[in-house]
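Each of the next two complexes has subunit A plus one more chain, namely subunit B in the first and subunit C in the second.
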Partner chain A sequence: MALTRRSYWALAVGSLIFRLILICFSDDLNLGSRPEVATPVTSLRRLAEGYWLKNSSMSPYSGSMYHGSPLLLPVLGPLTIKRVEGLPSHLFCSSIFIIIDFITAMLIRATGQKLISTNHQSLQRLNLSCVQETTGCTNVGDLASLIFLWNPFTLITCVGSSTSPIDNLMVVLAIYGACSGLPSLAAFGWVVATHLSLYPAILVIPVILLLGYGPDVPPSKLFLLGKSDESGSDYPSDKTSSKQRSKDGSPIYLFSWRPALCFILWSLIWSSYIFFLSFISLKEFGGLSEMMKKTHGFILNVEDLSPNIGVFWYFFAEVFEFFRSFFLIVFHINILFMLVPLVIRLRHRPCFLAFVYIAIMSMLKSYPSVGDSALYLGLLGLFANELAEMRFSFFLLCGYFGISLLSPVMHNLWIWRGTGNANFYFATGIAYASLQTVLIVESVSTILKHDRMLRNKLTA
Partner chain B sequence: MARPCILFLLLLFLTFSSPSCASTVHNNNWAVLVCTSRFWFNYRHMANTLSLYRTVKRLGIPDERIILMLADDMACNARNSYPAQVFNNENHMLNLYGDNVEVDYRGYEVTVENFLRVLTGRHETAVPRSKRLLSDEGSHILLYMTGHGGDEFLKFQDNEELQSHDLADVVKQMKEKNRFKELLIMVDTCQAVTLFSQLQSPGVLAIGSSKKGENSYSHHLDSDIGVSVVDRFTYYTLAFFEKLDMYSNASLSSLFNSYDPHLLMSTASYREDLYERPLSQVPVTNFFGSVMKTVHTDSAYTGFSMEPEIHVSLVNENIEDGRRVLQTKTTQTQETKHNATESCPFHAWLKVLQDKLDNENADKLVVYGLGSMIILLVISSWFSV
Partner chain C sequence: MPAEEDQTKQPRPRPRLIVLIASYLVSHSSIFSVVCCIAGLIAILLLPVLAKNTYISENALMPGSANPVFSGQDVSEAIRLVKDITEMRKMGKTTGIEIQRLIVQRMADVGGEAYYHKFQSQSNQFHPLRFFSCDSNLVLTKSGSNTSYGLNTVGIIHAPHGDGKEAIVLVTPYNGENVELNDALSLGLGFSIFSHLSHVSWLAKDIVWLAADARYGEYSSVSAWLKDYHNPVFFSSENVDANMQNTNMLNGRNADVFKRAGTMAAALVFKITEKMERDSRDSLNIYAEASNGQMPNLDLINVVHYLAVHRQGFRVTIGKIVYLVNSAWLNLVGQILEWSNKLAKSLNPKWNFGILSADYVEGVATLASSMYYQALGVPTGSHGAFRDYQVDAITFTFSPRFYLNNENVQSSFLLRGGRLIEGTIRSVNNLLEKFHQSFFLYMMTAPNKFVSVGVYMIGFALLALPLPVVAAALFLNQKATGTAGIQEAKIAFQSWKWLHAARVVLMIHLWALIASLMPYFISQISNLTATESMLLWVVGSISILLVLYMTLGSPYSRSGDVEWQTLKAVMIASVTIGLGLMSIINFATAQIGALLIVPLCLLVRPLKRHMQGALSLRVLSLVCNPILVVIGFPPAALVLVKGFSEGFGGVSIGTVWEVAEFLWAWNSATYLYVFLVHLPCWVLCIQILFHP
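After this line comes the complex of A and B, so read on.
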């Protein structure tokens, strides 16, 4: 599907206007009170409460309402208070989130363009340009940004009194910075994303790989097998990727250490900056230890067991106290132990690795919401060329629709009407987790099949 | 040497405490409502008990603190032409057997043994909490009994009887175990006063609907249902309470004086020799409702908070009640602040910075810091390109 520039911008602006329309009805939709949209970590109402507490000279974390970063309070806090007669509440916050969504979409588009150019160059090097004609050469940047803007999950998150758009922006900023070889930008995005919700810390691996090796390319073995040009005239113009064919057949990639070290340096600078600002913000209220305990400690300890679309709450509502720490460790290591095998298998495609990490993180975090799903569904579009052959795509699409319709119904049946029970709601949660698992597994296997197809084309 | 000092202090404490309560304060109300009759022709006894249950709930005692013992065979009796409904008046305006009647002991569970077990608290281990009287030394208990009685006894379910010395014994056990602060016994049977003639425990007030040798009568017959629906004593008690709500402070003496022997056709008399407080000073909601004294505290959430600018009195000690109010934790935060900033020169410099900053400046500094962070980001990414 080829999008002209005009139609692309028309669709993009159309999505922003649609969000503005939705904001007018945001009070009727009442999205801020739905557990799928607003979690204890991201809810905007809790931020308003934390801001009020701060202004009343109390710690913003007292009463266990607010569990986010103290730096969001002076930024978003005053906006939650400002009200205009006749217009819905949280209007200003939602407008800011529209702008943030737009910036995120533009960053995704730029990342897509970088991916296309790298892909094009590596396929040319391998003399496999014919592949592009067979599998299609969609402009993945445009496609992914439009998917992100028009995804119902993103729309709901933007309108729904949740601070997830900021988290998503920071993650995409980190990925864009890494793809473009801007260590300071990548470090900023990574540090702020980790500060806001703890789980993006695992993205340090793909970000460093992106900075060292550059965006996604076919596996290095193919470069060994294929006959590339001897002229060496088409070295890529972006200086971060340094793929050179060495004469004795040693591994193709040379990991360029400079961007990675710059990244580490910048992340230290940004994190100390953020710690300093948080410390100043909270100095009478217990300082950094209080902040760590109430934000990251809250996320890791799963203290709030109100239902959400994740898998933690149902289990931890019934686990015995004696085993609670053990199972907390198990659940969190569940994310960590998947990191290393994926790195080993997908290290030549760090952008796709980042996508898989984000998907795993969105599924297995302690307080997931549809905002996290919006992020990885948007990034899924970046790999439309490679994932063209993905199986079960229709099943997954229908599954997502079905779950997003059934989940609020089951919640209503359970909580408001009292005719259902927790099992109804958790069944939709389990179905959602299974869908995401199928998505991750199928996309990884499709990418590996794609690589295998490239190799077959080369050796054939 | 120490012992005489302690004794002297105790004596001092006792002399300064108010005469009504030595060391306990009234903080909860219980009601034990017992209907000791079964069979259709004793409809009025069940209606009596349910009316009082409704009144007591209306005035604030929750179901968790009411023990209701009924034979409960009227509402769904085959002879009831108004199934699942129990009335206490022939105008049928009030259905006493509505949605939220929780009967704790029903049918054959209403026995003398269970009654005594409830009052003394000596249950089998498997008895659930809803069937126990979980009162403590700060409780005021209302004990209402209705049914057929006689000289020094009360008939239970037509095959047992509770005698006055049993009741006196039970109340004595309750007092020993500190299961009540004050107890009001209200009995609506024939020759009711004889039932509590053997009581000796302090803090007990008792009223009966008729004296020795007198009968208590029913109020009126409902020709639709076919039996009498309410007794006179309970009828006039309810008439007194229907005029009240939770905020009234009508006294017990006005309740007791409202009984007119001509209307009751018997003499309602009460026993106040074991009760210390004068009846005109005791509000009826002390027994029939659940009105508590609230103490306002100025402390907010527990946790970290700054020093408030206006100094408020932090500790409010009321010696009479022996009750203390929460203190704010400002002292604690001061200590933590000092402990955290002593480790190294960087922290010492930070402490200097802290002292210069107060709250509003800190907020402004954070906003400026965020702005400068964005600017630094833009500059750094521009120059890396």
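After this line comes the complex of A and C, so read on.
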């Protein structure tokens, strides 16, 4: 798994070239019309429609076509109508998405390097460097960014005109900013991600934890244990303020309020800025209330019941109108229920917590696409050292392959051949959701096992 | 899967039942797989016994409830048209569009809307990127220099009681260049029905009669018309120019304007053929297989079968493989079944399955033919074009018991054929919604017997079930042996060790993808015979495999990394996914593929590693592996099948190329299966076989 610098860049650039080649065939692949790739919220076709409506001085939200942010219209809109003869229609947008994917990968890589250095430091302070030597230390940054770049889901999302690369970039930006202690950057990423797709709002918890405690470390009890065992040994000096204190004997886990408050302040600034910009662009078309109703309201109300790989559409197509609001609350609260227990158990690993949240989010979203899975599968690589002993890895890989091939076939059977029905397609959606559940459960339990292993090593 | 191992290692007081069962299965995987495979084979052989009688599932169809009113007068219309056409042929005027003109004139005379449909013959072109997408709106605009046109004639009767939203399509293909007597009779039959329907009052769906000009093949003319029917053509300046040049005026209307009726409820393709061997009754042959193993709704076949047998007295046949009827071993199996049936009956009179040896053999031959055509993925007639638009369609050919030029026979034959078609149309006319009540996934074992998906899946499922179990067993054994003697330090990434094997499997699949696309580039080189192309293909594939080995690393170079058990486990997992997918796309292919590949996958092991166990088992493994490897290689299997069915004289290397080209041209999913699932699996099996 050791990668030289050269081979890493060769692979990274190779993935970009591969994307370029795929873009040449994007009209043949016709991925933009696949329900797995483009959802009503992220479809670029709908964005082009919204841009056209706005240009003809109508509300971009009229006709329930466009449900994205009004700020994306002036950015991507002009690119959707620019055509070059003989080349695919969304060439310019796709090239932008390639660049965005590359930036995302680089941010993941930088985050990974941050994680490695903190991990290394904390293990040294625990006198457990032997763990690293024996298990071998993978350069998780390189690994995660390569997984992200070469993941078929990312490739498909990049080529198949959908705006999810932008959402992913913003989420990664928030995590990166929080990891490197830049509240303004983290706030920007978080606010824009929330503005674009609402669900990243729950990432506020891991981001504040990251800013307060710094990146992932083993649980705090271990440090106390280690300290009582070997008091007097010389620890290498740390840069983070919270860890500096541990040297003086005060608790290691001290929440530093300053960056967290900075983050809140910055998010207020950024969100008011975003609202202001949206207000300007939608001044004649109903203003902010219209925007909230047609973007976040659309996501929460699950108005579009066209089939996708999620679990919402099938249920809300069947449910009686009378119970609809009740079940909407039940379905959405599902995500919120899991936040608190996870935060209690995983508060020492905020980065991993962010990964778990993103995975849960992409499972219980109202309009999920493979682009969401691409993000969390890429982030999974960041924890390769901790997840080295994960069970079911082979089963999960087979499952992901199987489901991602089966889902289009079932869709074809239902929509085109007419020999199947909606249950066939929804079955793959359920299987996909359970696969993600297995992934989340296994990864969390492996992390906890890893912590226990460290503890055993320390006490032994 | 690894969960079970943990369970066994640290026995808990009460492990869960499902874990117990799973671990039991995994620990006895070899016995389990042998039992499952044998049971699967038996289940497949028993399919003709398990077949059910067909029944009409949709109540609205009510076949045969109305008396047919198609009369001798209508037949005389047909005879008149046949006479006109034969006279034309005698005068040598059949090369142009005289026949089309005549048909359109007649259609307009009986009050239908008629028009010409001009289409360009185009060979099917393989495009791997848009394989299953049915939106064929990408019209091939590049018109070559040697464009050839055909001319269909289409007539529409608007239903007096209908809202014009639904239609029933009748198709009579005929050879426009050289009209034989049977073609003329088909046209006559089609026209007589058309004229009869133009004055009936019960019609609720529009009738469209397409006289398809089959000079470039039946399928292409029908599919061209269907494409134009479903995709509106927007007039560009070129189209207008072309139309201006030869405008056909008919009763003051332009007969070149494309007209439409409603959505198609069903389509019947019928023609009259002359039979070679004489028979006691007139016979009706039904063809139903469309592309990629899709079948029309069983109700449509049932209606035609019911009316033909119980009302008009035809003998209905469907295709069967004659070679199997005479095969000795099949007769033996049939006799064994009959004997065991007798035995069961003597034990308990209620156990009577009513199997006769002859019936069984007949059923197997029909089932084999049904399976073969479904697996081939190539439509058996022009009805296949309708299935691409989700329209249920069948082709039936009438063959009279006497010679066609006997005039007395002609009229009675036409009368009964016309009544059959009228009755079918009447049934379909009753439909309130699309055909949906009966089966879409079935295989026929006789014209009135079928095996539905729930039954034929059993055999396949039993065959495929050992695969995941054996994969899990191999995977767990590998882990167990891997962790046994080694220090704890090295277990890190133990659970990810399969990644090396996965890389090898991925590389082989990449190679297979490249190899499957190669014929496209080879076919660009002109003036190559089939043998040359095939050799080029083989050489190219092997060289690409070598290049891939060099760049991505041969599996043997670091043999320590890739244990053969892990490689086998990953290979079996990939085959399981592939077979599962294929069973949904085209079941018959998956079934035949499973018969070939599953034993190979389960038995393969390195020749150099000595197996523990009895001598007989070792000898068996040594003998079985090479045989299975030879049979499992797709070209070898093809050559063997061709050789046994048609004799080894006509088989050459080029045959393989021709078959591949045939599958390719018809967009058959079988091509993809063979190259993306079967071939990589075979290559991996070879790798495991020669594993050091």
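The rule is simple: the second predicted complex is superposed on the first by the 437 of 460 C-alpha atoms of A that agree within 3 Å, B and C clash if a C-alpha of one lies under 4 Å from a C-alpha of the other, contacts with A are read in each partner's own complex, and residues count from 1 in each chain.
Here is the rule we go by: a residue touches a chain if its C-beta (ideal position, glycine included) is under 8 Å from a C-beta of that chain, and two chains touch if they have at least 3 such contacts.
Since we're looking at a predicted model, the values are computed, not measured.
Overlaying the two complexes via subunit A brings subunit B and subunit C into a clash. In the superposition on chain A, no contact is made by A:Pro88 with either subunit B or subunit C.
Once the two complexes are overlaid on the shared chain, A:Ile280 sits against subunit B while remaining clear of subunit C.
When both complexes are overlaid on chain A, the residue A:Pro183 reaches subunit B alone and has no touch with subunit C. Residue contacts after overlaying the shared chain place A:Gly297 against neither subunit B nor subunit C.
Residue contacts after overlaying the shared chain place A:Arg391 against subunit C, while subunit B stays out of touching range.
Those residues of subunit C that touch subunit A in the shared complex are 1-3, 6, 127, 129-130, 132-134, 294, 390, 434, 440-441, 475, 488-489, 491-496, 498, 502, 569-570, 573, 576-577, 580-581, 584-585. On the side of subunit B, the complex with subunit A involves touching residues 300-306, 308, 333, 336-337, 340, 350, 354, 357, 359, 362-363, 365-367, 369-370, 373, 377, 380-381, 384-385. Listing the residues of subunit A that touch subunit B in their complex gives 53, 56-59, 61-63, 70-71, 74-75, 177, 181-185, 188, 266, 270, 273, 276-277, 279-281, 283-287, 289-290.
Residues 1, 25, 28-30, 134-136, 388-395, 397-398, 401-402, 405-406, 408-410, 412-413, 416-419 of subunit A touch subunit C in their complex.
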